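Both of the next two complexes hold chain A, though its partner changes from chain B to chain C.
Showing the complex of A and B:
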């Protein structure tokens, strides 16, 4: 498994890193920038929503906090080489993690439902504040950032590579979590939090850690987005649809897997950008979104990767059983499901 | 001082409407352990229904309530049957949360296509009239709305405490497994319960359309308020939701009138966090299971 995922990861990074050198058109690079944003955010959401089983509905708020931090730092400044905002991203991540820390500490004392309630309420509160604190955020007038002084020919590339780095960082964090005690603790929390606490897992610690890392990464993506857009408004920077998109992508690809959220983001964000271009009006697009979501939840609640992985494993096992004894039915072999942790590990 | 009292009057009167919306939401949670994020969307949908009835047929929003509640009851039962019942998994509560979010988006999308996204308001002849009592403005609509909420909550109380169905609902809330063992058809109770929750949203929605201008995205404003109320009252406790609605609504109206409307939205969140710090189960909630 280790060598396989190493090869897969290396290939993925290689393809992403060399992609712009093929002389791609601007629309495609622009699309890739958004795909990478959502792939990073979905992978980050996966740490809390997937592994720990605490569905945060407030990640869009942290995206917005990152975007507004970036805008507030650089509003009215003149950039020299254009790379300063990227260098400040870790700071923005830390600020947002610090904002998320007390919220996680309080919200995670209770069950997952209440956690979802607190995070979604936080989302709408931050949005209202962004509208109302006109002195800082400019209210609905929005806030401008300096335009990046990159040459028009390769304007998207710095953003693209920054996001590739962010995505790799997130995937490495996830990979590390998968293979460490922290990841195991998170899975234990999702399976049965009380029992996990009972056998000595530091439940609160790992949950809060996962949340802070997750929202920190999300805020960094928000910062890149703000710099890319150069003008941000409350309704777009803090949009419930961002939350729903991230959740949907993670669910589509497969929760609590390494590649699931990335797959989901590549499929859905590419589809969404195309759809938005074709349909234009945002209302149809809202309905399409809701319907895709409902279909995935009802028909494929575990996501593509875990479902496919199970199919493959069942077939492989059936074949090996056939070749050894020949007598045992494949169904009986497939019915013995491996425990959650094993299954998840194998599909990563 | 004047602003404070004015805020309290406004808050208490509006609190009745929120109590109605929140009682449906907490009921749904109590029965099915589903946090219904579509409750706000159902309120807005029913506001549009009574808007349309008023514009096309001149039906007064208060008189439209029987129609909207029946329609929304049907919608609620439909949502439960089509989207929530098929979820049969260990992580049902997590999935149902996301499914109701998707339902909210679906309703929002359908409403914005049907009615566009401009603000609507129901302008009845009495919409802007008000009484002045001891120097304080009391709008007629809010008094009516408050009275209507009391009547509706009374009916809900009777339904829950005096009928066979109500007894089945209360039994399911207290202990689903025992209720099932004693012959309560939990599937049926769940469907009807979701319908009932949607019906309270409908009654509240007609009034909401009278009190505030609304558009298809208004349900986002409602969600955070309703959820704070429900958590403060104790998830699953209808009585708690009523008390909490008045507390939350009054405090946010007071903040709006004395400090600044910009910070009134903050009130919900601060109350929510304080509740979770001091008493995570809410005012009337019980640890581990719902109460009524």
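Showing the complex of A and C:
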């Protein structure tokens, strides 16, 4: 598993790193910038919504906090070096993670749908603050950032590469979590939190940690977005649709998997942008977008990767039972246990 | 023998219902103590209070000489008090081996170590062999039969080297062969020094295995003594049969 993951990851990074050198058009790189933003945010959301099973709807608030942090630092500033804002991203991530800490401590006392409501309430609180703290945010007038002094011919590339780095960082964090006891504990929390608490799993610690890391990364993406857009408004910087897109992408690709959210972001964001471009200014593209989502969820109800993984597993098991009839089966240790179908995969 | 666990005047009310009403008893070290009583007599509520899942309205719980009233379940588990549930609760998305590893009750520092390290594997493999779960170690717990899940849950709580294990209906819903297996494991572990407190409805199982037997009715202890005496005690008969 480890070698396969490394090979897949290496190939993925290689393709992404070499892509701009093929002389691609601006519209394509612009599309890729947005795809990478959503791939990173979906992977980050997956840490909380996927692995820990806490469906946060408040992540867009942290995207906005990151965007406004970047805007507040560089508003009215003349950039001597276009890379300066990128260097501040880790700081923005750390500050946002620190903001997320008390939020997680409070909100994660609730679960499931109540947690979703608490977090979306936080999102609207932050949006209201952004509209009303006019002295800082400029309210609905918005806030400007200096235009990045990159040559027009390769304007998107620094943003693109920064996002590739952020996505790699997020995937490495996820991979590290999966391979460590943090991942093991998160799965236990998602499956049965009370039981996990009762067997000494550091429940509060791991879920708050996952939340802080997740919102820190989301805020860093927000910072890149603000710098890329150069002008931000509360309704776009703290937009519930960002949260919803991230959740849909993670579910589509397969939550609690390493590559699922990335796959979901590539399919949905690329699909949405292409459909919006083809179907013009009308809102018809939204219908087509919903259709793509519905068809995939109908055919692969647990998301693309988990459903395909399950089918592969079932096929392998069926084959191994065929070839070794009389071999060790799940029932072997259960002596005379009746063959009751107890698979709970659908709820996993 | 000294008391490993003692319950002192514990009460718990849900709305107007007194689930546990001033209950007191003690579990001596090294015993397999049964806790029986008719449905609704407060056995599981008491289990939940002892293991920290519920807060008692009044009274004290003492474990290994320390007042543990209101302690967090995780802390109690790490200090040697563990339990299983009436409906076997395992983590279906984890493998059988991982179900054992996750239950080892570690400290913060080990959170960032390998998911299943060499030490974990060695420690778990002894239990897997003992419980005859080694052939299914790499299967997801979701793929196990109900009886195997019960065994797995029991094996998992032993990962933390507990001194007291509370079993909530270990034989419920499992076949006779599995009941014998369960009984054998309890005896072996008891001989190895673990004290058991068992809630059970299967009276033949209780009579074979447990001594002493504590009987609850309406949230109170009404009897405590040897299994042979239980069957002839008037209070117990009255509680069960309403005679």
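As a working rule, the second predicted complex is superposed on the first by the 297 of 348 C-alpha atoms of A that agree within 3 Å, B and C clash if a C-alpha of one lies under 4 Å from a C-alpha of the other, contacts with A are read in each partner's own complex, and residues count from 1 in each chain.
Keep this in mind: contacts are C-beta pairs under 8 Å (C-beta built on N, C-alpha and C of every residue); 3 or more make two chains touch, one makes a residue touch a chain.
As the structure is a computational prediction, the values presented were derived from the model and not from experiment.
In the superposition on chain A, A:202 contacts chain C only, with no contact to chain B. In the superposed model, A:129 makes contact with chain B only, not with chain C.
Contacts of A:179 after superposition: chain C is touched, whereas chain B is not reached.
In the superposed model, A:234 lies in contact with neither chain B nor chain C.
Of the residues of chain A, not a single one touches chain B in one of the two structures and chain C in the other.
Note for the complex: chain C touches chain A at residues 51-53, 72-74, 77-78, 82-83, 85, 89, 91-94, 98, 101-106, 108, 110-116, 131-136, 139, 142-149, 151, 156-157, 160, 174-175, 177-178, 181. Those residues of chain A lying in contact with chain B across their complex are 53, 55, 57, 103, 106-107, 109-110, 112-114, 116-118, 120-125, 127-129, 132-133, 240-241, 244, 247, 251, 283-287, 289-291, 293-294, 297-298, 301. Against chain A, the residues of chain B that register as touching in their complex are 29, 33, 35, 37, 83, 86-87, 89, 91, 93-95, 97-99, 101-103, 105-106, 108-110, 112-113, 117, 220-221, 223-224, 227-228, 230-231, 235, 261-263, 265-266, 268-269, 272-273, 276-277, 280. Those residues of chain A that touch chain C in the complex are listed here as 178-185, 187-188, 190-192, 194-203, 205-206, 256, 328, 330-340, 342-345, 348.
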